[in-house]
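Let me begin by handing over the structure; questions about it come next.
Chain IDs A, B and C follow the sequence of writing; residue 1 opens each chain.
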Amino acid sequence: MTNLLNINYYAVAPELVLIGFAFLVLILDLLLKGRDKAVLGYVTAFGLLVSIPVSYFTNEPVSFSGMVAADSFSAFFNIVFCVAAFLTTLISMDYMKKAKADRGEYYYITLFAVIGMMLMASANDFVNLYAGLELMALSFYVLVAFKINDNKSVEGALKYFVLGALSSGILLYGISFLYGYAGSTNFAEIARAASAGSSQNMFLILGVCLTVAGFAFKVALFPFHLWSPDAYEGAPTPVTALLSVGSKAAAFAVFLRFFAGSLAVLQPHWAMLIWVFSAATMLYGSVVGVSQKNIVRMLAYSSIAHAGIILIGLLVTNDKGSSGVLYYLLVYAFMNIGAFSVITLFVRNNGKGANICDYKGLASKRPWLAFFMALFMVSLAGIPPTGGFTAKFFILASAVNSRYYLLAGIAVVSTVISLFFYAKVIFYMYMKEADDASVFTASPGAALYNVVIVISAVATVLIGIFPSVFMDMAVQAVKPLLM
Amino acid sequence: MMEQVFFYIFSIIAVISAISVISARSAVRSAFYLIITLMQVAAIFILLRSPFLAAVQVFIYVGAVMVLFLFAVMVLDIGREKLVAYMHHQSVIAVPAVIVFFIMGAYMIIRGGWNVSNAGFPEAALAKSSEVIGKEMFGRYLFPFEVVSLVLLIALIGAVALVLRGREKDKQC
Amino acid sequence: MIQLVWLIPLLPLIGSVINGLFGKRMGKTAVGLVACVAMVASFLISLSIFIKILSLPVAERSVEVTVFNWITSGAFKLDVTFLIDPLSTIMILIVTGVGSLIHIYSIGYMHHDKSFWRFFCYLNLFVFFMLMLVLGANYLVMFLGWEGVGLCSYLLIGFWYEKKSASDAGKKAFVVNRVGDFGFILGLFLLFWSLAGHGITSLSYKEVFANIHHLDPSMLTIITLLLFVGATGKSAQIPLYVWLPDAMEGPTPVSALIHAATMVTAGVYMIARNNLLFSLAPYTGEVVAVVGILTAFFAATMGLVQNDIKKVLAYSTVSQLGYMFTAVGVGAYTAGVFHLMTHAFFKGLMFLGSGSVIHAMGGEQDMRKMGGLHGHMKTTSWTFIIGAIAIAGMPPFSGFWSKDEILWETFEKGHHYIWALGLLTAFLTAFYMFRQVFMTFTGRCRADHHTQHHLHESPKIMTVPLIILAVLAATGGIIGIPFFEEGTAAHHFLNSVFSSGQHVVNHAVAGGGHVANAAGESEAIHGGLELIMMGVSVAVGLFGIFLAALLYYEPMKKFAPSFWTPENLAARFKGLHTLLYNKYYVDEIYDALIINPIKRLCWYCWRFDLGVIDGIVNGAGWVTRLVAWLMHKFDVYIVDGTINSSATFVSWTSSFWRRLQSGYLQNYALVFVIGLLLIIGGALLGW
């Protein structure tokens, strides 16, 4: 029996580390009083930092009776999650004070969310995957509603929660059909059944359709994206940053492992589905982003557009496409969190700082911040020499290599359209004079923001200038998938 | 044969009462319909040689969850009208959409091939279904089982964090 | 050691970043220290690489160091690769060496400037780009540097941007350079495109040179001509030289480093680097040589009558660059690079010297208000005179060897008219340089009392670089003295780089039957002729100095004939003087012929814009906005709204007016389900 169980604690070491820290923070939250609670954020950040090397060195064979595949692929994603959560934790310490929602639960719920993402990335079985997904989703429901006195926050969370529950139901329904088809919930078993049996089996098709819908919700693909602008806008801004990076990356990890990995044989059958998703999502995200006035909503639509482009890499089921997805997600984590950090620094409880026009004249008041914000915008828009450019380049190159010319063309068009709203931010910062400079006064905890912004900016540029280093990592990471 | 007859009886009642859950005008009434639905599902579990699941279904959902839910409904006094008000706005589109969905689903299920029976367990083993479930849960599905404990924990913490602490802050303000 | 080459550009970059980020808070000493330490360290590494290269056998002196691989996509590969060979080694030595001295000098010169840190940030950044330009082993890295130095030059010319003339000069430099860069980039595109036709997609010099023979000569001629257009922009040759004199609005160390010693020589370097291409396109070579010598001559004539101390030097720079282009144009690449090096020494020296003078004069640049400064600032004066002797081509100073080599090579290769014009230019150069020396340092001081009172020698930190540069200017010609049988040390060292191009030229000359008269003659006569030529050019130079002395040197004035005074000459040749003084009205001609028509065209375009283009753009913008609006409304109306309106419909019929406001959430869920339907429906229809 023990042989069958195949318990391997090393395979879940990053998760175990984070669980340990989560409980540590939980207990500290109970013990500490008043101002001492400030230490919670640092403990959380430290835990996430510790988890990065642990993730890096975790590379174990499939364990827990085929449930957990802690390979280089999940390691890459785990690092992305930890880095993203680390950065957002740093900026949330001051933000939460500002938002009058400074409570210890925030930190360990963040940790639990990260654990959920990690479980998703290393899941090799739908049961395990679902457990991880729910862990992440539940944590995010709470985090989005964390400004409990703010109606928008609660409203966004409620929408996210109800629709999330719906998508979970759909996902489970799909999983049950896949189980009916393959007789197992294990990815490897389903892959075996898919390559052996008929690809026209209706159970398989229905199962795939429903599970795709379930994940498309998490990635916020059109038309399953409707929750995201509301939830992004309502949530505490650091949570939005983590949500847009982490939850998206986790869902992409599953997408990749299941589609590019297990169902790669059936690529011609699901290619069209993903193709349409990708084209519709990137066009929709970039076009609707144009008319946004709220900067967080704008970034929400931008993140929808990015998801569409990343999906191209999924469609190209070879090492170029898959590693492109990983690379893109890594870059996206940094540039998006960087942009959100600048916003977090300025956003006020009364809604000041949330509109694009509030950034008027930032360049003359706070030139460095404006410069970094412009850098993130440039990177999001995909202009060299930033990481955003190389990421788009790799994805599009892989698409062209695999003869998805039209899709690559649509991606370019959407990029051009999205340039409009990124440029708008830069335009407001540099070309206009501030009417009300009081927005730009820094809060006392500004040093932490600066750390996060500088880390993100350096990483964004560094990844853009030395792409091959990170690309090699991504290529290494996707190797276990494509065997 | 007999089994199939019972299956259809239970499932038809389940579907009808499920529809009633969402169309009932009073919250208390929908809760009772939901109990009926859950009971039918429990009955279907018995047909599927899973008495343990059936018992769990009855104890937990019918016994515990629904009772709690009823208390909540009564304490919060959700009026009749309010529930109804939220239901009817989009039925023009929603009803056809759902119908199409079920038609397509049904078509696919009928056309599809079911490759698996009894989850690979012999009839004899299923007689002791609680043992099978226990072994599976602490065997093959040990890891997700442990993860679920975290899920429950986070649900607990989340509820406390949002409701209790939120109210505390309210008072302070 | 050679593997450490990446440190050479990296150190100035780090310096620049440090100064840029923290300079404002660091204090002037720290800023200067950071910048100079970065430069000196970079220089030391360059020096050790130079020594290393010398120790290697000739065949192994070209080393490529790949620093990192930027993008690999299929067969297409972009590397940041550095090429270490004798040519780039000389260039990095000049850039870091002269650059270090100028950095040190700047600490003193810029000490009172409020944007001290910004200056060093730009200066270090410039050095970084310049090093990328000369070190790059492929066209992409070179182009990066090429554009980068242009940017830094723009930033530094307009450094005192509060001054309108400075920011105008910056803009002018930028625009003129852009014209050149346009030609350059066009040439590069053409080169890649035509090579890609032969299946070569690499951008590295090695690959390109190895496959250049695939291209037909007419194509090569076009490519090289376009590249040369880029060079005329960067290196201030006719017709794009107009920005350089204006660029003197920048701080003097900038003029010394960028507009004399390094950046403006980028064009020469580029042609020398592509010597194989230019050798294969003999017609372009002719063009380069003719443009070069004409630039040299006309710039020298304009320099004759300028009164601004820096403007004289600026025209002399243009003129000397013309010499270098003449050299590379006739295929004397070594001579060109050699002159580039000596010019960096003596022109850097003279600019820094003039900076020291301006410093002492409290910002005054007009030579008519100077005079007699020799008594007040001995070091500056002596070093400046050394520079002037060097540029005038007096042996044994460095300028003599390099200029003489260029003249000799032109003569030897049969370009006698070019040689004659070059000789004339040498005469003019000697004249106006010493005119400047005499006007500035000798005679009576014409400055006002206040300024006279404050005359002082510059601090040590400024004079020490002057002395070092003076030593270099005096002795730098050593490597050009023909000690060896087969040529000078410079030839010996650079031969491996230029051998392929040289080979092509010799081959063509021999094959074409166009036998150069020197080639067939005996070595003895050859050597004799060279000596005679040397004598002639020295005599011409001395004559120029003599005439200048008669005009401007007080003790000599009494020997001059009565008509030989500046005033008389100006009166007698009034037309010519006005023409020269106004720089042949080139700026005005450009204004009239190009700029004003363009402005007018712009105005018409603007009108056109308003009417038509704006209409189209607005239309396109409007369409985009419409689509955005539509999509936005999709959220609001189709998603919520259609449902709302269908809800409205229902409400109308069922008279539930109150419930018009449909909650969003249900709509979202509905869209979710519809999306699901579409997926499954699509799957059923067979994606």
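FYI, contacts are C-beta pairs under 8 Å (C-beta built on N, C-alpha and C of every residue); 3 or more make two chains touch, one makes a residue touch a chain.
No experiment lies behind these values; they were computed from the predicted model shown.
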Central chain (distance from its CA mean to the mean of all protein CA atoms): A
Contact-richer chain pair (by C-beta pairs counted) among B-C and A-B: A-B
Distance from the mean Cα position of chain C to that of chain A, given in whole angstrom: 46
Centroid distance [mean C-alpha coordinates] between chain C and chain B, Å: 76
For chain A paired with chain B, centre-to-centre distance based on mean C-alpha positions, whole Å: 30
Numbers and ranges of chain C residues touching at least 2 other chains: 667, 674, 676, 680, 684
Per-residue overlap in chain B, given as positions that touch at least 2 other chains: 105, 107-108
In chain A, residues with contacts to at least two other chains: 205-206
Complex contact set, residues of chain C against chain A: 68-74, 624-625, 627-629, 631-632, 634-635, 639, 664-665, 667-669, 671-672, 674-676, 678-680, 682-684, 687
Complex contacts: residues of chain B adjacent to chain C: 85-86, 88-94, 97-98, 100-101, 104-105, 107-108
Contacting residues of chain A [partner chain C, same complex]: 158-159, 162-163, 166-167, 170, 205-206, 208-210, 212-213, 216-217, 223-224, 226-227, 230, 269-273, 276, 284, 287-288, 290-291, 390, 393-394, 397, 401, 417, 420, 465-469, 471
Complex contact set, residues of chain B against chain A: 105, 107-109, 111-116, 119-120, 139-144, 147-148, 150-151, 153-155, 157-158, 160-162, 165-166, 169-170, 173
Complex contacts: residues of chain A adjacent to chain B: 1, 4-5, 7, 12, 19, 26, 64-68, 100-101, 103, 105-106, 108-109, 112, 115, 119, 125, 127-128, 130-132, 134-135, 138-139, 141-142, 145-146, 148-149, 177, 179-183, 193, 197, 201-206
